[in-house]
Amino acid sequence: MFSVTVRDHMMVAHSLRGDVFGPAQRLHGVTYVVDATFRRRDLDADGIVVDIGRATEELRAVLSELNYRNLDDEPAFSGMNTSTEALAKVVADRLAERVERGALGNAARGIASLSVTLRESHVASASYEREL
Amino acid sequence: MFSVTVRDHMMVAHSLRGDVFGPAQRLHGVTYVVDATFRRRDLDADGIVVDIGRATEELRAVLSELNYRNLDDEPAFSGMNTSTEALAKVVADRLAERVERGALGNAARGIASLSVTLRESHVASASYEREL
Amino acid sequence: MFSVTVRDHMMVAHSLRGDVFGPAQRLHGVTYVVDATFRRRDLDADGIVVDIGRATEELRAVLSELNYRNLDDEPAFSGMNTSTEALAKVVADRLAERVERGALGNAARGIASLSVTLRESHVASASYEREL
Amino acid sequence: MFSVTVRDHMMVAHSLRGDVFGPAQRLHGVTYVVDATFRRRDLDADGIVVDIGRATEELRAVLSELNYRNLDDEPAFSGMNTSTEALAKVVADRLAERVERGALGNAARGIASLSVTLRESHVASASYEREL
Amino acid sequence: MFSVTVRDHMMVAHSLRGDVFGPAQRLHGVTYVVDATFRRRDLDADGIVVDIGRATEELRAVLSELNYRNLDDEPAFSGMNTSTEALAKVVADRLAERVERGALGNAARGIASLSVTLRESHVASASYEREL
Amino acid sequence: MFSVTVRDHMMVAHSLRGDVFGPAQRLHGVTYVVDATFRRRDLDADGIVVDIGRATEELRAVLSELNYRNLDDEPAFSGMNTSTEALAKVVADRLAERVERGALGNAARGIASLSVTLRESHVASASYEREL
């Protein structure tokens, strides 16, 4: 199995609802350093999983919809906690949609699965992995 | 599949028995930077895999039983080599026991598996992964 | 010259005023991974610059006054931009005050200077260095 | 499942053929920081997956066949793109061959799989994983 | 003293002349992860050393003149070794020229010094520091 | 000012004397990831500060005198605390002696200063800087 991983980041404000979150129930913020990994069994005709340049552009496009925002004000997240793991799924699903509609090229439709990891600090991160 | 990873470290002395270990047969020491990863198929009612704060506390509790010690003197390790990979299993098993007895909350009982990685330097690490 | 550096982090919301900041004028957030470095010409009677454990505690105490907050609501920052470099000075000055009033022990009063670096992502950081 | 990972690097020149690669079609270069991971279900008689020292030596031996070279001039790569993911497979296959012929010791023949990750920058990497 | 650091990278081929370089006399390649640090005594009217966004753009512009190239073919480097430390000076001097001609804004003319670090692997780097 | 930095590591056991050290008074251990930085005003005739390969070898030679040992048993450290900052000085002084006796070549005698940083975990480090 082959994989390619690209990295970018976003900087958002949010708050979390539930006693378990303690002080994180207050409005605060976070930098997510985001790794998106694309996996496939065989390389495409160019000898790659996906072009690193295009993968980087698509990841940036997905993150730009969230970057420099207060997630508490985003209708897309109403009624849910924007925990690190939940946001990993949001980014993964939006990337998957782009792969499926051809934004990474026709060959990239051979991608079997992808995973997204959000590092929220030097000591904590969360991931979501899904098939395509 | 979702996952959450938290990081801490411990600083221990030990020696290893067996010709394969060369100079590491002498009493020496190591800092293990420890990553514990918790995985589950679906998020709990709070929208998380496990609370990062509680996971960090439980990892710290497990490591504090080993930290600042000479592992050669620990009865728990008598008759075994405290290799990096063997210690990864020790930490993972002790964390699993805490999850199972509810130390991370009732919801955390939905955790499907966990893995523990011990980084012993900038160029070497070992991991152990198990189901819950 | 000797130095000791300890690391912790904080997660805050804020916005920045001024056209130069572009989308960062919106309320957003950031994780600051914070390195505090203490410097002195000679070691103290215990053979150290400062105890790493106590330095870590004092850094944590300073960061806890800011952590999990919206800095736009903090009276201490009214009328100023909480840029990364400005916050590095805030953390450094508050740490310096603690050193000077003895929070790190009497021997730590021999510290000559300190610097604080705030890493806001994997690609950007800011620092402030001052004498004591 | 246990694993051990060792790290080294190589510095090579190459060019890539295909419009998708844009400016990377020109002769350029790259540092690959290489992580090789060895996995097995149970530890060997010494309590390890593989000796970290020997694994490091074998990884270095494989990389030294490529290091400080222009890959465009290497007969082994004629007719293929030396993409990061394709090179990950080359390194993994050559390491696997060494494991199978006993270079890491007889016990290492119990290794179940290995993966190789090549980090080409702070923002991109590729991997290949295979069974033994 | 305040500072701001931004990071980017470039991927180049080159060879080095001189027995001291051993196998690096062959044509090979390298990824340089580049940190550019801007220093000034006081913050500007916006409360910053330099806008991180603009600093990132200018660093990228400087690196794009070198990126994806064989430095042995660049007239600018004829007759000199493109060692990591020599390239750090090239990048620093070109950035300094941009600061001086106002590319980072008028306020950035208050920058006192800058340094550039090129990381060529996980185990080696070089820097050049100069006044403005 | 130019600089070159090379990295290696050592794994030692030790204990520290003094109430300030708390549990670190027990025999324990540590991995030090060691960065040695060499500085000079001008490059030598080969266009470098020091050859990275030779600098790496000399750093390795210095660390090999300490690696895989219990520092409590080393006569060189009798009567002193082997704190991280004190060991940084030991490594720096031993490297300086090698530079001065020509181990890095005649040109390396032009080195103006060197600093050594020992990272003991992902959250703490210490340095010593000296002239040559």
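Chains: A, B, C, D, E and F, in written order; residue numbering restarts at 1 for each.
Just so we're on the same page, a residue touches a chain if its C-beta (ideal position, glycine included) is under 8 Å from a C-beta of that chain, and two chains touch if they have at least 3 such contacts.
Worth saying up front: this structure is predicted, and the values here are computed from it rather than measured.
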Same-interface partner of B-D, chosen from the options D-E, C-F or A-C, over half of the pairs matching
C-F
For the sequence-identical pair subunit A and subunit C, what is the superposition rotation angle on Cα atoms, to the nearest 5 degrees?
180
As a quick test, compute the distance in whole Å between the mean CA positions of subunit A and subunit B.
27
So how far apart, in whole Å, are subunit C and subunit D when each is placed at the average of its C-alpha atoms?
40
If a residue has to touch 2 or more other chains to count, which residues of subunit F qualify?
7, 24, 120, 122-123
Note which residues of subunit D are touching subunit E in the complex, please.
7, 9, 11-14, 23-24, 26-31, 33, 67-70, 120-123
Per the touch rule above, subunit D residues touching subunit A in the complex are 18, 20-22, 24, 80-81, 83-86, 88-89, 120, 122-130
Across the complex, what residues on subunit A touch subunit D?
1-8, 43, 46-49, 51-54, 56, 105
